[in-house]
Every structure is written in C-alpha cells, then in structure tokens.
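In order of appearance the chains are A, B, C, D and E, and numbering begins at 1 in each one.
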Amino acid sequence: MQVSDEVAIDIRNMNKWYGNFHVLRDIDLTVHRGERIVIAGPSGSGKSTLIRCINRLEEHQSGHIVVDGIELTNDIKNIDKVRSEVGMVFQHFNLFPHLTVLENCTLAPIWVRKVPRKQAEATAMKFLEKVKIPEQAGKYPGQLSGGQQQRVAIARSLCMQPKIMLFDEPTSALDPEMIKEVLDTMIELAEEGMTMLCVTHEMGFAQAVANRVIFMDQGQIVEQNEPREFFNNPKSERTKLFLSQILGH
Amino acid sequence: MQVSDEVAIDIRNMNKWYGNFHVLRDIDLTVHRGERIVIAGPSGSGKSTLIRCINRLEEHQSGHIVVDGIELTNDIKNIDKVRSEVGMVFQHFNLFPHLTVLENCTLAPIWVRKVPRKQAEATAMKFLEKVKIPEQAGKYPGQLSGGQQQRVAIARSLCMQPKIMLFDEPTSALDPEMIKEVLDTMIELAEEGMTMLCVTHEMGFAQAVANRVIFMDQGQIVEQNEPREFFNNPKSERTKLFLSQILGH
Amino acid sequence: MTDLSVPATTPFRPSMLIYDRRYRSMTFQVIVFILVMALAWWLVNNTIRNLAALGKDFNFGFLWQRAGYDIPQTPIPYTSNDTHLRAAAVGLLNTLIVSILGCIAATVVGIIAGVARLSKNWLIARLMTVYVEAFRNVPLLLWILIVFAIFTEVMPPPNAFRGENPTASMILFDNVALTNRYTAIPTLGMTNDPGSLDLGARITISWATLAFAVVLVAGWIARRMIGAWAQQIQDRTGSRPTTWWMSLGVMTVPSLLLIWYFGLHLIPPTLKGFNFTGGLNVQNGLVALWLALTLYTGAFIAEIVRAGILAVSRGQSEAAFALGLRPGRTMNLVILPQALRVIIPPLISQYLNLTKNSSLAIAVGYMDIKGTLGGTTLNQTGRELEAIVLMMGVYLVLSLSISAGMNLFNARVKLKER
Amino acid sequence: DTLADVKARGELNCGVNTGLVGFAAPDANGNWTGFDVDICKAVAAAVLGDPAKVKYVPTTGQTRFTALSSGEVDLLARNSTWTFSRDTDLKLDFIGVNYYDGQGFMVRKDLGVTSAKELDGATVCIQTGTTTELNLADYFKANNMTYQPVNIDSNAEGEQQYMAGACDAYTTDASGLAATRAAFADPENHIILPEIISKEPLGPAVRHGDNNWGDIVRWTLYALVAAEEYGITSKNIEELAKSSQNPEVQRLLGVTDDLGAMIGLDKDWAKRAILASGNYGEIFAANIGEQTPIGLARGLNAQWTQGGLMYAMPFR
Amino acid sequence: MSETHAQTVPFVRDTMLPPADPPVREAGAVRWLRENLFSGPLNTILTLLGGLIVWFLVSHFWDWFAHSVWNANSLAECRQIIAETWGEGARGACWAVIRERWNQYVYGFYPVELYWRPTMTFGLLFVALAPVLFSESVWIRRVVLVITTVLTLWLMVALGAPAAWLVFAAVVLVGAILISERHPAWLLVFSILYPLLGVWLLWGGSAWGPIMVLVGPVLGWIAWRLLGRVSSLIATIVALIVPLVWWIVFAGDAARDAESLVSLAIPAVDSDRFGGFLLSITIGVAGIAMSLPLGIVLALARRSDMFLVKTLAVIFIEFIRGVPLIALLFVASLLLNYFLPPGTTFDIILRVIIMVTLFSAAYMAEVIRGGLAALPRGQYEAADALGLDYWKAQRLIVLPQALKISIPGIVSTFIGMFKDTTLVTFVGLYDPLKSMSDAVRASTSWKGIYWEPYIFVGFIFFLICFCMSRYSMYLERRLHRDHR
C-alpha cells in the first residue's frame, strides 16, 4: 500500500449550489495517487454530490477541480478525458439491463477507447475473473443476484482501466450476505494500489483499507484523519455523535 | 410441552413433481399433536413445497397426506376442512393491505367460520393482545413495521383457532432487530402446546423449542433428530456441511 | 417418469362432479359450453327466422353485381360499371392508405412532441403539453370535422387560380395547388417508358416502379452490408471507418441513374375546366382525415414516448456518462434500446386504434371500406347482414395481424430476468 | 299485424329524415314539422284518433330501410324514391307518391354554366347511399362526361361544402335544391339547371306483406289528395260533412257508407286524417309551397284536374 | 483553510461555514430565462420557433375571439352587428347561437318544464360516485359533495323544479354529506340504487317498474339466506334463478298492478327526446356502469385456468377490440333486430348502450386484468390458506385491491368512451357534436354557422375529460405514495 507524492485529485475552494441551496461549501481536498479515502457523514451532507462533482456528473459553480492534471471546466474534451480516467460505481449498480454482462463490460472500451472487440472481451473476462464471476458473462444483469450485479459494475468500471475509482455507497443496496463479497472485491482492488474514493458506512472496511477518513456535514469537510485516530479519537463533537450512532447500532 | 400420541399429520410416500422436476421424493412424516418441528435445509431443497402441500397450496401427485384425520384429495370439502384447521404464516406476511389489522383478523372467522362480527372482533383482540399489538388494531398493515406485520399475520392465523400452525421462514424477510419479537411470539405459542411445523434457519429457535429437527435436501428428508443431537452430532455429511455453513457465517 | 396417478382410494362418485377440483372445472366448462352453444344457436336461429320472415337470404352474390356508383379516389382502376366487390377492394385499399400514412405521420409527430415535452425549454414544453391535452380530451370526430372545415373554408376553390389576377397561387414552384377540394400534386412522367406489368383484374404496375423498388431494396441491403463491414473493421481494429458517404452513395446513385435512364420528370397539375388535371388530386377528405388522425394519435403517442423515456432511470444515463460515453452515444446505445421496449407495445395498440378510427372517414366523405362496403353498397343492395359481417371480418383481420406482429416483437425484446 | 300493434301501443312509430327543412325537421323544442311529418300525423289521426300520437324516429340514408324492415318503424315517410329494387328486393311496399320529384343540379351563377351538359370535369357534391348517387353516375356516363364526386353524408354537410365552393355543383332532388337555395343568404347568386336527370317519385313506404296496413296508409294519403280535389279543407270539413251532397264526399267523410270498417278503422277515419293538418294542398302550402321560404311551385304535384299528377283513386 | 495532507496534518473544522448565496448570475429572473429559454443555441432557436407559433395562432384568431357577439337572433344579424361595431370586413365569433340554443346542446329535445329532472339525476350521480371515486380523502369528498349540493339545488330552483322534488333532492344531498362524514361506505347503498333511480328520473313513468326490478335481487337474497343452511351450492343457484324468473315472468304485471293501486308515476319522456350532452352523458354513464361488472367477469374469465372459459373470454375481448365502435353501432342499428326473436324491437338508445357496454367491457377487462396481474401472488395464497373459497377470495381480497389499482385505467377508458359517444350521430341519434349542430344549422336563421358550435362542444368535452384525467392522475399519484 504505497502512496506516492503525485497528486491525483486536487479540489480547491470548491462551492456548489442546487438553486439557492448551498450543498458544498469551500471544499479543499487533495488526493494522492494510491490513496484510499473513505468519506462518511450523515445523510444529506453532500457526500454523493462531492464525488459526483469529481467526474462532472454534477457541475460545480466556483473553485477548481483538477483531476489527473486536467481541470474540469465546461470544456467537453476535458470532461471526456477525465471521465475515461475515473471509474464510478453506484449504489444501485446501474447496469444496462438490455446488454449481457460481457457487453456491459465491453461497451465503453469499444465505443470510447476504440479497443478492438476481441481485445475488449479478453480484458473484460480478465476483470470478471478478478471479481470472481467469469461464468456469468453471457447472462443478463436481471438474472444475477445483487452482489453479483455490483461486482459486474465494478468490473465494468475497471475495464476502462481507470486511474481513480469512485464508489458511492456500493454496498448499501445489498442484502447482508452479499455485502461481504463486494467488500472483498474492493479490498482486493485497494491492495493493488488503486486510488479510491469511497462513500460508505462500512466502518470495518474503512479501518481495513483506508488511508484517510473524511467526515462531512452540511456540505463541509468537518474532520479528516487516518482511520485509527478517526475512530478511536474523534476530535469534533459532530463526529463523535455520528460515530456513536453508527457504531452503537 | 406435552406431545400426545394422537397423530396430527401423517404423510406417507408422498411425491410431487413440477413438470418433470421431482421436488419431493418419497416423503414419510408423522407429526403428533403438540409436536414442534423445525425443517431446515439448503435453498431449493423443497422445504416450502413440503409445508405448502400440507394445506394444499400445492397439489401432490402420489402418496397420501392425512391432516387431522382428513385425507387431502381433490375433494373441495376436505380441502376446506383442512385449511380451516391449519394456519399458515408466510415469509412475506401477505397481509391484506386494504383492510385494517382488525379486519385482517376477523375476515376469515366471519366469512369462513360464520362467526358473528362482535364475537370475531373479541377473539381477534384477544390474539392481538397475545402478540402484543392490540393498540394497532385500527391501523393498516402498511403503517406497521415488518415485525409488527408478521405478528399480525400470526394473530390472523390464530383467529381461525387452528389445530396446526405452519410457518414458512417467518423471520427471513425481517430486519435483525425485528426478528426477536416474532420469535418470542412463536416461542410463546410453542409453550402453549400448539402443533407447529416451521421452516427456519434460526437455529437458536430450533434449539429452544423444537421437539424434532428435520433436515431436507434435494426433495428428501435426509436426517431427523431431536435438536440437541442434531446440532451437536449430525449424522450425515450433508447435514454437517450445511450446519457448518449457517452456523459459521 | 413414475406414476403420476391419483391415489386409487377414491372411486368416482357423481358428487365429485361438484366437489372434486378436477371434475368441477370440467363440469363448469361443460355448463358454460352448453350455455354458449345455446346462445349461439338462439342467435342463429333467430337470424334464420328473421331472414325468412323478410324473405331474404344470406348470400354474398351481391358482391358480383354492378356497383353503379362512383368513388372519388381510387388507388386501382374503378368505374361505376365495376362490381361491388371491386368497390369494396377500393375501399379497403383506401382504409390501408390512410391508416399507413397516419401511422407513419403520427409516429413522427408523437416522437417529436413526446421528446419536446421533456425539453428543458419551458416554452416548448408548455406548448406541447397544450397540444397533447387539447387533442387527448376532445373527441376525434370533432377534430376531423374541424380540420375538414379548415380545408373547405380557408383554402381557395380551384377557380381562384384562374384569370389574369388570380386570388390564389400554386406553391412549391407552381407544382402544388392547395384548394378547398383537394391538394393537386404533380404526377411523374417518363420520356422512356418501359411499359407495365399486368397483374390481372386491371391492376398494373409500371416496370419503372418495379425497377425502383428493386434498386431501393438492393441499396438498403448494400447499406446493411457496409454497416456490417464497418462493424467488422471496428471489432478488429477498434476504430470504425466513416461510411456515411458510401451508404448515401449506394442508396441514391442507382436511383438517380434510373431517373436519368427513364427520363423521369414531374407533370404539374394544370387548371382545365372546373378542376386541376394532369396531376394527382388528393381529396381533402383524405388529407383532413389523415391530418386529424395524425394529430390525435400523435398526442397519445407523445405520452407513450414520454413515459418510455422517463421509464429509463436517470441512473442509466449517469452510468453511461461516468463511463465516458457521449450524450449521443448514450442515447443510441443505452436509452433508446431500453425505452423502445416500453414504448413499442402501447405504440402498436395506438396503431390499432388509428386503423379502427379511420372508419370515421364517413364524416368527411372519404370512401374507405366503411364508406363503400359498409356504406353505399350496403345501402344500395340492402344486404346489411352480409355487408357488415364482411366489413367486421376485414377489420378483425387487420387488427389481429397488427397485434400478432406486436406479440412477436414483444417476445423478442422481452428483458431477461431471474 | 301492424294495425293491432299500433293500436295496442297507442303510438305510431314513423321514420323520418334527421333534418330536411320543409320535409321533416325538429324545431328548437324538438317538435317535428314538415311535409312528410304531416303524412305521419294524418295516419296517426286516422288510426289512433290523435295526430300527436306519433313517435318520430330520425333515420339516416343508411338506416332507413332497416328501421322499417326490422319493425322499428311502422311507416317510413322519409322522402325516399320509389324504385323497382327497393319495392321488390328490399321487401318494402311503397304505397303511393306524395311528391313527384326529379334530380337536378344547382350551381353558382358566376360559374357561367347554363346546362348540365356543360358540367364535364366538374366536382359534384352528392349524398351517399341515395338513388341520386346512382343517377349521377349513369347520367355522366350516358353523356360521356367525367366528374369528381364529393360524397357527403348529410344535407347540412352538402350545403356547407357547396357554399364554400368545395364543389361546383350540388345535386339532389329538385325540391331539396329549391329548399336549400331558398335558405341561402343570396339565393339570387345560385341557379338550378333546367335538366332533370331522373324521375324521383317520393312516397311513404311500409313493410312488405302486411297488406291491410298498406291499405290504411295508402288510402289515408288518397284521402288527403281527394280532399283537395273535392275542396274539403280542415276549415270547412265539419260543415261539409253535414251539408255536402256530393256522394263521394259523403262516403269519404263517413257520412253515408262505412268505408273505414273495410280497413279495420271507424267511420270518421278520413275526416280525422284531413283534420290533422289539412288536405294535400294545405299541407303542401304550409310546408313547402310558394308562400314558405322553400317556395316550391305545385308543378307535377298539382291535382290532375290542374294538369298535375295528383290523382286519388275513387273512394267507393 | 489548512492544507489537507493525509500523511501530515489531520484536519478538524472548528467553526462551521454558514450557507452562502449563489453567485448572482445563478439567481432571479435572468437565471430563469437563461436556464429555461436560452440555455444554448438550439434552445434559443426552439424558443423563437415556439414564440413564432404562439404569435401566429394569436394573431390569426385573436380578432375573431375579440369580436364576439353574444346577442343576436340570427347569423345575419350577428354579421351585421360585427360589421357595425368593428367595421366592414371584420371577422368575429357569433356566440349568440350558443346563447339561443344552449338548452338544445345540453338537454336535446327534453321537455323544457322537466329540465330539472336530468339536472337532478346528474347531481345525484356525484353522490353515487362519492364512495367509489372520491373515497381517497375526506376532504375531497366533502368539497365535491358540497359543491354538488349547492349547484344542483340552485339549478333545480332556477329550472323550476316542484317544491316536493326540491325537498327530496335536498334531503338526499344533505343526507349524503352527513353520512359521508361518518360512514362513507353506507353511501354504497345509494350507489347501487342509483341506476334505477336515474333511469326512472330520466325516462319517467311509474316508479313501480324500477321498484319491481329491485325486488328481484331481494327475493334472490331471501332465497339464498333460507337455503344457505341446506346447501350453499343450491342456495347460490336458486338465488340466481329466482330474480331471473321474477323479472321475466312476474315483474311486469306486478308493476302494473301496483301502479293501478297506488300511482307513483311522473311524466314519461320518450327516448327520442334525448339529445345533446344529456344523451352523451346518459350513454356514457350507463355504459360505464354496466361495463364495469362485465369487464370484471371477463377479466376473471381471461385469467381463469379453465381452458374453455379462458378461450371464450379471449375470443370475445379480441373480437370486440378488433372492430371499430362505429361498426358495432351499425350492428346495433341495423343487425341487432336480426339476432332477436322476430317481432321484438326495442329502443335505439338501449341498443346503442348495449353495444357501447360490450365495447368498453372488452377494454375494461384488459385494464382490470392488468390490475389483477399487479396483485402479488401472496395475496391469493393467503386467502387460500385462510380457507376462503374462490368467489369469497375474489370479492373480499382480490377485487377491492385490483380495482383500486385500476382506477386510472378505468377512468381513461371512460374518457375514451365518453368521447366516442359522439359517434352515435351515425345511427341517427342527436349527439351534441354533429347531429345537434346540423340540426341547428338546418334552421334558416343559423344556416352557415360553423365554428362556434364546434368550439363550444369541443370546449365542454375538453372540460369534462380534462378534469377526469387530472383527477385520475391525482389518484394514481396517491396510490403510488400509499403503496410505498
């Protein structure tokens, strides 16, 4: 688990509004290559919005976001470049139900990266093996269990060979038995040194793999620290309250 | 917890097919009045099918099922008689959402047993008190939590004053906090001497109340024994494997 | 498999007819069957007795008698000397013409309106809402009458095009005249006419038409082949060659050559006597009916399209964006294939409705099958039983073939699920 | 047996046009008036003793004959042309002619057309399902001319099309043309061409096979015609019944013989029929005559004594 | 703001930032315009295009609407007034025709002095619908019933209803309001009685007819209760046969005898006096009321596992859905008499209602089938496990839920059917749209008037259908919320 000095994501002074509602306030965040960051916080605190800003699924209104050296502006080319460097896994998987698992995985490489189909399929199979479901390649997403679907979603992102992966509560829509298989996949990824930002409430996962835990509230970063310190010795009152709720449960 | 000698359910040589798929193979099972039987087994082993045969939600194709002295044949009168002796609680509660809790409980007594409404309501309140939710009588099922709904479902069955109760994974659709309240209700029932057949994976429950645990696999009864023996000293390989899976998890 | 028999303990008793589940459903069905048969017998018997009382018979012979009336718009040659059968055929073709044209136009209108209703542009979205609500909540008959009235009241009569200072003028380079009777459009002439193929029953097809059909089909196949070839290249190398100019070429060049070979040109309509001649006069009845059906059905289709697009969750496009797909690609590869599954079944039933609603042609004097077979023929021959039975049969066959097509499609695109 | 049915019902079901001014149309209150309607009233008066006991069933060109043959109406008084096939194949019985008509054309004056022979290539508005449709086809064929039909389904629609100039000529029975033209804001700008291209004897019809009922309707119509011939009007009828010495009048009004008994009615049937809305002449004058907006001359429909075709068979 | 470096300093925020306002260009009307109308070149073009369309429509029709004449006795007079007021050659709408003939558009040829009867019938319709359609919220029911009561009574007074009837209507309406506050389900009794009451009020005649019709089911119920103890099967059969026998054999005579003893007759109005919206609404409401039960039966039959029953239902539904309504109307007017015993004739309105009923029943069946399919299997199983038999399960568990789910579909079927009632013009009935307008135009004073009647009738149809569709959308949203 090496963290380099190279900066992968650099967010400065970033603000975002929904209409008149100030969702993200003066966000400053630097992520280094190979870092694994877990973002936690109460519901509505802007966690999802933050990571969706990073691949421009949401537009920020002031400040700067630089991903892998590319600043996110309204320039479509930059956005495209950033998006093909950044993979994203959603809470509800968002697999394409009309395509087989394999097609889900090869769609973007073929149409965005212009990879020959054969090669795209080979890569896809490699990643499907990594998430341990190569035998499901020919099935449709609707035929898989939730855990399997989420693993396909991860494989689909990996097929674009992104430098950074974003996860937005990847396990919260899953049945308890299936959470483990997805978390295992993510831990494996982390061990390979992938730069990851993960919104999650799985504190076990945070303790196991994160370099840093960021706690957000009311659109602001309230506290950040390495996991051990964060859990054992939270500084701010809000963090304490939050931790008592989710851990005491 | 007294078990009488009287036979409540007698299944002999029963077979069932779905199309060409042989789900239940040569089932032989005798249940005495007052016995509490837990049925366990891997998914797809035919547990649900077996207990659904007992009140003829499924039709068996050969062999005999005698419930409370009445043989289940295609004779509608017999089926009706058996059904009003046997209560059933489903995994997904299956309450009637358009009726209040009280109406859910009085519906069958009024329309099947022809009990006067007043009396049916009194009985219903009695059972609602037993499952500890008399105050919810006027609400609609949609307004209750899962655990409360399942307890209503139990009360609804009890209102028909059945001699035998069947439970099909009554707690598996519930959040962990709610499982306990339902299990408590069931334990209480068991203590009153109700004949019960319960498909469940709650091994704590099995150990606490069952007279007998039946283990099924591939449509057959593989092993049956009293709970202590069953858990501590399983005989067959399959049972051992299964127990290691569900207990180790 | 082994023995599937019932336990032998229950010999048959008559009471099982009612109390045994297996026999009861049979008993019930037998009773229903007897009742239905009795009803059918009663109806048929009544009909026979009524026919006898009126001294009539059930006989389709009238179809071969001389029709004696004229039809304004005849896709196949027809005069008043032809039989009622041929008149019915003309009517059927007219029904098909307005239905097919209507389905095509309604789809276009519906898709545009449905997409526009979802537009972020406030004005456009509101306008489309007004359009959709106005057409959905007012009887179709009214729209047909109003559109027809607009044509008769607003358009100039042919003689307004006449004289030194005509009050009306033709449009599209003097090729098309909009009048209050018809829209006069040019016909196609050939300097090098190859003659025509006789299909019998005075129905002919020009060889030129056939040639064009062949060339167009061949062009289409060639386009598909180019597409497949491009796909192959893409699969091999990853980048797709630009093929639009090749596709355009195979689609158009042969046709252009044919046009040049046959010397195809437009013969514009000219005003002669009371009316325009030389061109093709498309009756306003047809145009009004077509337009009203289009706008009316279009409003319903707009709702279907809107619902279909909304049914594809936002997450799908976000996932595609997150993978780096451009909006256009996302639409083609992700949104449309999913939306279509939702859209097509109700869309087809709108086609069905449109076809059936075309029977309102009677209100604007457009002679469809209802106007010929179920109208004038019925009236002149007094064969209401035969004519209506025949007409309903025709509609039924039309509808059933449309819904058979729908079922086939549905079975093919159904999403696979657990 | 229609007569018994009507008497039992206490009401005469009479099929009429859905709306043709002068012949049959409901007014703003739903009261029916017109030339055909008065026939219904006369029959109702003769049979039931009360001209108001009529239920008017509006019929379209499509539904009229079926309404009669199915028994929905007892009598069809809906300006229908008496033709061979209708009388035989359609199983109707026309019981007489109440209006001798013929098909004509109306055109705008500024079209400059003076004869139907000049209509080659014209657009002609025509009501579907009528004999006029067939006549039109035959006429143009016979004269080796072409035309473009515009099929419309009601008279009101046809007028609208014609007025808007959607057709050069409007063709229907001459009486209808006159009625239509009369109602225009500018009748002087429209002319009815001199050619009458067909014979259109319009008359009431009854179901085939019930001869007694046919007789009743037929002789009610004749009674109206005869009344005009003998000068019996609704005003002087009471007086004539007492004073007239004409034996035919006496027979007609039931003063002497009891003709009514022969058709299953009472003595006064004809008197009541005439009283309902007057004799044929009065009915004509009140609904479509020259004093009305429709303004039809008697022409062929004058009494035979006046050079017309109205000729009641003798009451004897 | 601290430099947030993972390896080095942990970061803790001491003071929370307050929410700030968005940058100016993100707020106010400017933003609204920018976002909604001019957010890009394409959108700007579209906006201009839309503006053009609006301008075109307004500029072409505005003067026509602006120059409306409400008081005139004929079209000629109208035109004269327009020419005088707005100058020669001005165009204008002549709404005077509506003013003069509105009663015909609404009531057809119904006797003027009896206009209050259809009005009252229509008002009571809302009472009958209240427990079915407005069961969702007390508030809506209250508003609907109060408005109905006020409007109905006011209109009845205005139309000169007799005092006794006013009292009757007031009692029913006010009673309905009171009952619906406490026991809305009791109003269902009125809903069941309403069809008979409605028929009697509209067509008039002796009240004994409907009463004797009602006696049939009552006798059936008594028989069922009496025999229920012996055998439920026999009881059911007898309970079905008794009313039939009663209706066919005895009801007619009984009604006549009762009428001669105690007369309960109000003036009869013949079917041929029905027209305009009265006709449309009568056919529409009768059609829907009868097609609903038929549709339910068909839907159940189509889902049955009995092959023959299912096949028959499929054939019927597909047949009806495969032919245009207008063809069925022609069957009603031309062929129905062939299919009945020689000599039977009955009212054309009744025949049309039968056909319309069959037509919408087929559509209704499909709608309800959807509702049935949406019901989870567990509901059926729970009913079975409780020992309810098929019919009880359907009646108590399945249908109440399935029908509720289907309400939006049922309403839109009704809208479609209501619009289709205009087609009766082709069989010679006076629908408000074509026949009535033709009849108005047939009079010399209004010959040539074209747009105004159409616009008026279209507007009324729009109003009714739009309100219904909005209401059903509201219900649909509510249902969605409740099912969560």
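Just so it is clear, contacts are C-beta pairs under 8 Å (C-beta built on N, C-alpha and C of every residue); 3 or more make two chains touch, one makes a residue touch a chain.
This structure is a prediction, so every number in the text was calculated from the model and none was measured.
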| item | value |
| --- | --- |
| Shared interface partners, meaning chains that touch chain B and chain E | C |
| Chain occupying the most central position, where position means C-alpha average | E |
| Chain A and chain E: spacing of chain centres that average the CA atoms, whole Å | 53 |
| Chain centre separation (chain A, chain D; CA means) in Å | 88 |
| Averaged-CA centre spacing for the pair chain C and chain B, given as whole angstrom | 57 |
| Distance between chain centroids, defined by C-alpha means - chain D, chain E (Å) | 41 |
| Chain D residues counted as touching two or more neighbouring chains | 62, 66, 153, 157, 160 |
| Contacts with 2+ other chains: residues of chain A | none |
| Residue numbers of chain E (touch at least two other chains) | 330, 334, 337-338, 426, 450 |
| Touching pairs among all chains present in the structure | A-C, A-E, B-C, B-E, C-D, C-E, D-E |
| Parts of chain A lying in touch with chain E, wherever the complex brings them together | 3, 13, 15, 17, 19-22, 25-26, 28-30, 32, 35, 37, 61-62, 211-212, 217-226, 229, 235-236 |
| Chain C contact footprint on chain D (complex, rising order) | 61-62, 65-66, 69, 86, 89-91, 111, 119-123, 128-130, 133-134, 136-138, 141, 147-153, 157, 160-161, 164-168, 208-209 |
| In the complex, chain C residues that touch chain E | 18, 25, 28-29, 32-33, 36, 43, 46-47, 49-51, 53, 116, 119-124, 127, 133-134, 136-142, 145-146, 149, 153, 352, 356-357, 359-360, 362-363, 370, 374, 378, 384-385, 388, 391-392, 395-396, 398-400, 403 |
| Complex contacts: residues of chain B adjacent to chain E | 55, 57, 76, 80, 83-84, 86-88, 90, 92-98, 107-108, 111-112, 142, 156-157, 160 |
| Chain A-touching residues of chain E, taken from the complex the two chains share | 1-7, 10-13, 16-17, 19-23, 26-27 |
